[in-house]
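Across the two complexes that follow, chain A remains constant while its partner is chain B and subsequently chain C.
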Partner chain A sequence: MNNSEREKTVREPLFHIEKRGDISRKKGLLIRGIAILAALIVSGVFSAILLKGNPFVFYEKIIDGAVGTERRIWNLLRETALLLGVALAIVPAFKMKFWNLGGNGQVLVGCLATTACMFYFGGKVPLGLLIVFMMLAGVIAGAIWALIPAIFKAQWKTNESLFTLMMNYIAEGLVAFFLTIWVKTGSGVLNPMRDYKVPEVINSSFIPIIVIVLLTAAMYIYLKYSKQGYEISVVGESENTARYVGINVKKVVIRTLIISGAICGLVGFLLSGAIHGTVSKATHGGMGFTAIMVAWLAKFNPLIMAGTSFFVVFLERGVAEASSYFGVTNTAFPDIVTSIIFFFIIGCEFFIQYRLRFRAKKKSGIAAEKTVVKAEKKDSVEVSEESDDSAKAKKEDKA
Partner chain B sequence: MKKIVSLALSAMLATTMVAGLASCGEDKTYTIGLICLHGSESTYDKNFIDAMKTAAKNKGLEDELTIVTGIPEGEECYDTAIDLVEKGCKVIFADSFGHEAFMLQAAEENPDVQFCHATGTMAHTENVSNFQNAFASIYEGRYLAGVAAGMKIVEMHKANTLKESNYTSTAKDNIKIGYVGAWPYAEVKSGYTSYYLGVKSVLAEENLGVTMEVQFTNSWYDEAAERSAAQNLISRGAALISQHADSMGAPSACEAAGVPNVSYNGSTASACPNTYIISSRINWVPYFEYMIDCTINGKEIDTDWCGGLGTGSEYTDESGAVVLTELGSAAAAGTAEKLVEVRNKLKAGTVNVFDTTTFTVGGVILTTYLADVNTDSAFTPDTESIIDGVFAESKHRSAPYFDVNIDGIVDLTNAS
Partner chain C sequence: MVFIIGAISIGITFLYGCIGEILTEKSGHLNLGIPGIMTFGAAGGCVGVSLYMGGLSDPNNASWFFLILFSILTAALFAAALGAIYSFLTVSLRANQNITGLAITTFGVGLSMFLMESTVDKTYFAKASTYFVKSLPFAEKLGWFGELFLSHGVLVYLAITLALLMAWVLNKTRVGLHLRAVGENPATADAAGINVTVYKYVATCTGSAIAGVGGLFYVMDYLNGSWEYGIEAMGWLAIALVIFTMWRPNLSILGSFLFGGLYIAAEFIVGASSSQKELLKLLPYVVTIVVLIITSVLDSKENQPPAALGLSYFREER
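Showing the complex of A and B:
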């Protein structure tokens, strides 16, 4: 009795959470690999139970839906490029810890301005000139949409998350407003103006893909090698430090948001000017939010973002096809499946940052104490082992 | 960089392993494709999905039907249509107004496949032989739903359960009702005007008037906006609400407020047991069966198909394209008999929904009206639509073109 009482008083929780030091690359990849596998298994089982189908067919249809035909591959690449474009736009802002949640709105005003040029100048100026107008209008509109909250943030310290978020609704309202002006019947459907679109090279996907590829390279260089890119990181780390070293924080905030909005506007130009030929309240496709996940998963590295946005679009398109194959007619179902997968992938970052240490098994009070001591010892060994690991990893990196 | 490459590689490895394990789901051959703007969570899309499943089943083709949901009114619609062609579909149907231009483009590029489109306006002028529009004289269904609403209002008026705010004046001879609309164009305007005229016809028999306030959401599916629009109309004194928008926003707001509701696209009785009166909807089964038959037998499909009331004598008769659901518990006594009576008159032609003697525009009776029947980019009115004292809705083309603002209906959204 005495023993067990004592045990209670020294009882450890089932596990501890502790921060990892430097994790080895190998271990990090292993954790991510396990997460993806677990995500696929859980989503497969979930789908199999709900759809009463074979989970392996479900996986197969995901792949088929994403890359099953040549057209699907083109569409996959196009959607990847567009999502990557929006992610590239929000990265400079996010690196500066300016939480730009207004991607949707900034893209949408880009679409709106582009469409306005097509609507008013289409057929009145040569196509080449029209396209220049469209692109400039889209880029400027996107930049203005991001500039407004940036000025308020820089001057009056307003909350940029709420501000940019609300700008999304205003943008949607503006689109609805212009649609009621342009479409006199009131249906809100502006038929595509195909004659004024950016001419197709191979197909309507090729030009947007090329534009985003170039943009990715440019953004990588800008963030990594330019002085402005460095200023963004410093402001993001600490505004006070930035001020101390003589960086004009207000200027950096405003300049960076102009860039952020302008890139969103450029994506808007591609959407309306090169792909749809029209605009609706939904033209942004919710990319402003999805792009945040894309950027975050890639730790704001533009090159890695190409991979994460490919992964996200692959899943979305694949799961949509798989759902259709199994006769799902509810649009919530594919969302649930992709969410399960994202949950694992985002969740696994926790296990990369932290580790769980389980309580050692105890037989008696004294033995327990001993094991605790043992565990502590073991800990120190582990730590040294790990530092060996990371040292090795570093060496490997250099090699 | 390395991380992501290996991440991608391991992911691909895992998926290919899994795919390899799978003994490959057998590839289905598809004949019929259905493209929906939203999914079955939308009352509008659900109506199409259910009808297509029934039609395919009736034709023994349920395994050859593929349904794609959540397709926006943009290039995605064209991409999806082409993807369905590549899947082998011989007939493809899209359910949303904004899908039309993209379906038309796909049709032009694939002359061997039939492309059919609900609510569209372009088939009768575009002359693309494999592109067709379809709709129904749903204004007759709306009118009947309005009759059911009128019966309820009269009942509430007589039972003295209406509030002061439900009347436009202290004389208590004119009652306010509300309507939540999607976009302010002919399809919605024709719908609410015919509904209003149905209500008015019943109230007129009791020497009562009716004023209907309309609030638009400028969206086909926006649950929050539809709910708040309904709440706003209720707070302004609407004794009863109806809607033409696709979410459960308006009916559920009515249920919460205890205000009777006339629904559209299908019964909302299960979610709104205390306030649901009736719903009119288009029954797409007859068209889908016809469309499938034509495709299989290599016959031409009607360029502009317009369905009407069925041949049966019950108000719930489902043999036609325009149908009513069963009455809900909130319906007034005697409604079923009244519906049968009015339905018979509509079929016999003794009552016309858009009889110009039953409404005024700016205080005068309409004697001539040029409607925009042939779609052009400038939206030019082109066709005289008042024939023998009746606005000839859905005669020149299947999709509605009645877009007149009549007296008694107040547009809250665009009122200055």
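Showing the complex of A and C:
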């Protein structure tokens, strides 16, 4: 850092950004840990201000809301499993840099196909066979929903993020369409078909959880040890390289998206066939979007994703209970708190990839550690928190 | 006639979102947070309306000009605040734009939900809405011409003016040239002495503010002052409209009316059963997909997105 040697007439910026070569695992984890902690503090204080309550009570209610009773623990595990399922579906596509924003739609057509089987074949075929039908229908429907944009992406490079987004709305519209046909009363609400659901073991949450646990292990092995998994990461890194080494990129895109959609369809089958016994426009619960962030936080590692989806669901459920304790019953607060946490974690990636070097103080000639970073009000805590952190990282460098 | 007026009316919501997003994308940033930003802008506008109406001694005696000005300002301010968070994360911290956008959408919708259902006083919304939809004074005297072109609320004309203005700025002025340079190749723009960061920030925040006014329009003009979460779906369609109109603000005026027509077509087809109507409601989404496919198959040089769209810029990177 030779700032002090430069001429005084040159106006130096307050700090200088440079790319880190490599960062130790420990330091990376430390930065992320600090970001999450800061996020929890900010979102707690933010919520406390909006709800006019005590932040400590708010934290207490979050924990109580997530794991306070046995039922809540089961729900927590089940929602974690489902979200993890969608995230597992998203991962192969995203590793390939295929922006599949259509998780919601792919899950929903899975739900729809499963429910259609229950509606038309329920009671006419033995339950065992029905369940096989339901599962196949769900998986195939999900796969088709992802396959359509994949074909166009592979053939003509059609923008997949908007394509899959539109497919979400088409899926929702189809659900509304079938509900007007199935429900004669016109209420648009299909009563749960309890007799045709997957039989319960312990409770309706257990089987979905087991299915997703197995799926996680399978996806981990597929991505890490199979040839196809390797092809996915090569295509994601560079399509030209992939072509050069003789990988058929189109084939990989289409095959991967079939897998992606099929897993979404499977989650749809679990949602409608094993848990709800029915379908509505909102059955997907917005998991397609949340799953993207869950997968991204875990750097697309299926095992770490189990942790991140648990974290996200824990907060969502906990905050829902906590905010209803303070008299707000809608989903506003889970949304607000999870997105604040996402902001912090997204933002902290910068400090993992880059390092800030602050302008040296002219008089002392020693690099100054302290700085004032101007930012908008809302982000000010974030920035100062994280610049402290980068300062810490710098000290470690010197040591 | 009613159909065309309806199409224009809903189309304007798309138009605001679309030109806001065009401005942002021209700087090289794909803002998927627009749905959340529009929702939050709508909430901001509603806060403005309730503050203004609540502050008056006699709400029946509101001033048309100040009500509209104040609510547009609050809507733009709220939306720009979200835009600022987005640009801080994506421009300064170089975060992934898609992920950040999705998080912004969740945040905006969540925060609006809280604002609208817990704090904002909705008493005067219906009353305030009458000011927004107030048509030009001489519209009724001019027959069908007046009805078609002059019967709309003031925000409709503002949107069209903004779209034309943006087309002019982008294509005919130095600022527009610089902005396009930033979106096409930030390294070259930087070398030419253009302050890339400032252009990105200003374009994103201004674009967000415009989109936010679209949210206000949807609630106060199209829905006559009733609050609804449909704005999120509007936002996604607005983003699709950007591709449909090939990043051209002047084309987006026509495009938005067309989308508006598709959006309300289901209500105007006589004799359609409720299930057929559900299918007809899918039209705008299907058309968007068809357009996406056609533009990608044609793959012409002029109709491409800005070359650096979606990429973060770091000066020292080769």
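Throughout what follows, the second predicted complex is superposed on the first by the 349 of 399 C-alpha atoms of A that agree within 3 Å, B and C clash if a C-alpha of one lies under 4 Å from a C-alpha of the other, contacts with A are read in each partner's own complex, and residues count from 1 in each chain.
We adopt the following convention: a residue touches a chain if its C-beta (ideal position, glycine included) is under 8 Å from a C-beta of that chain, and two chains touch if they have at least 3 such contacts.
Predicted model, so just to flag it, every value in this text is computed and none were measured.
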- [ ] Return fit or clash for chain B versus chain C, each positioned on chain A through the superposition.
- [x] clash
- [ ] Using the touch definition from the top, say if A:F350 reaches chain B (first), chain C (second), both or neither.
- [x] second
TODO: Determine, under the contact definition given at the top, whether A:A150 touches first (chain B), second (chain C), both, or neither.
DONE: neither
TODO: Go through the superposed model and pick first if A:G186 touches only chain B, second if only chain C, both, or neither.
DONE: both
- [ ] Could you look at A:S280 and tell me whether it touches chain B, chain C, both or neither (first, second, both, neither)?
- [x] first
Open item on the list: After the superposition on A, what does A:Y59 contact: first (chain B), second (chain C), both or neither?
Closed with: first
- [ ] State whether A:N330 touches chain B only (first), chain C only (second), both chains, or neither.
- [x] both
TODO: Using the superposition on chain A described above, determine whether A:S339 touches chain B (first), chain C (second), both, or neither.
DONE: second
Open item on the list: Just to be sure I read the superposition right, which of the two partners does A:L303 touch: chain B = first, chain C = second, or both, or neither?
Closed with: first
Open item on the list: After superposing on chain A, which of these stretches of chain B ends up overlapping chain C: 242-250, 296-304 or 314-322?
Closed with: 242-250
Task: chain C-contacting residues of chain A that also contact chain B - done: 176, 180, 186, 328, 330-332, 334
TODO: Spell out the part of chain A that touches chain C in their complex, as residue ranges.
DONE: 17-19, 50, 99, 101, 152, 156-159, 161-163, 165-167, 169-170, 173-174, 176-177, 180-181, 186, 289-290, 292-293, 296, 328, 330-336, 338-340, 342-343, 346-347, 349-350, 353-354, 375-376, 378-379
Open item on the list: Please output the residues of chain B touching chain A within their complex, sorted ascending.
Closed with: 1-8, 10-11, 14-15, 18-19, 21-25, 28, 36, 38-41, 45-46, 49, 66-70, 72-75, 79, 82-83, 86, 97-98, 100-102, 105, 183-189, 218-219, 372, 377-379, 403
Task: chain A to chain B touching residues, read off their complex - done: 25, 28-29, 32-33, 36-37, 40, 44, 54, 56-57, 59-63, 69, 71-72, 75, 176, 179-180, 183-189, 191-192, 194, 204, 275-278, 280-283, 285, 298, 301, 303-304, 307-308, 310-311, 320, 324-325, 327-332, 334
Open item on the list: For a test of understanding, state which residues of chain C touch chain A in their complex under the given definition.
Closed with: 32, 81, 84-85, 88-89, 92-96, 98-100, 102-107, 109-111, 113-114, 117-118, 233, 236, 239-240, 243, 273-275, 278-279, 281-282, 285-286, 288-289, 292-293, 296-297, 299, 314, 316-317
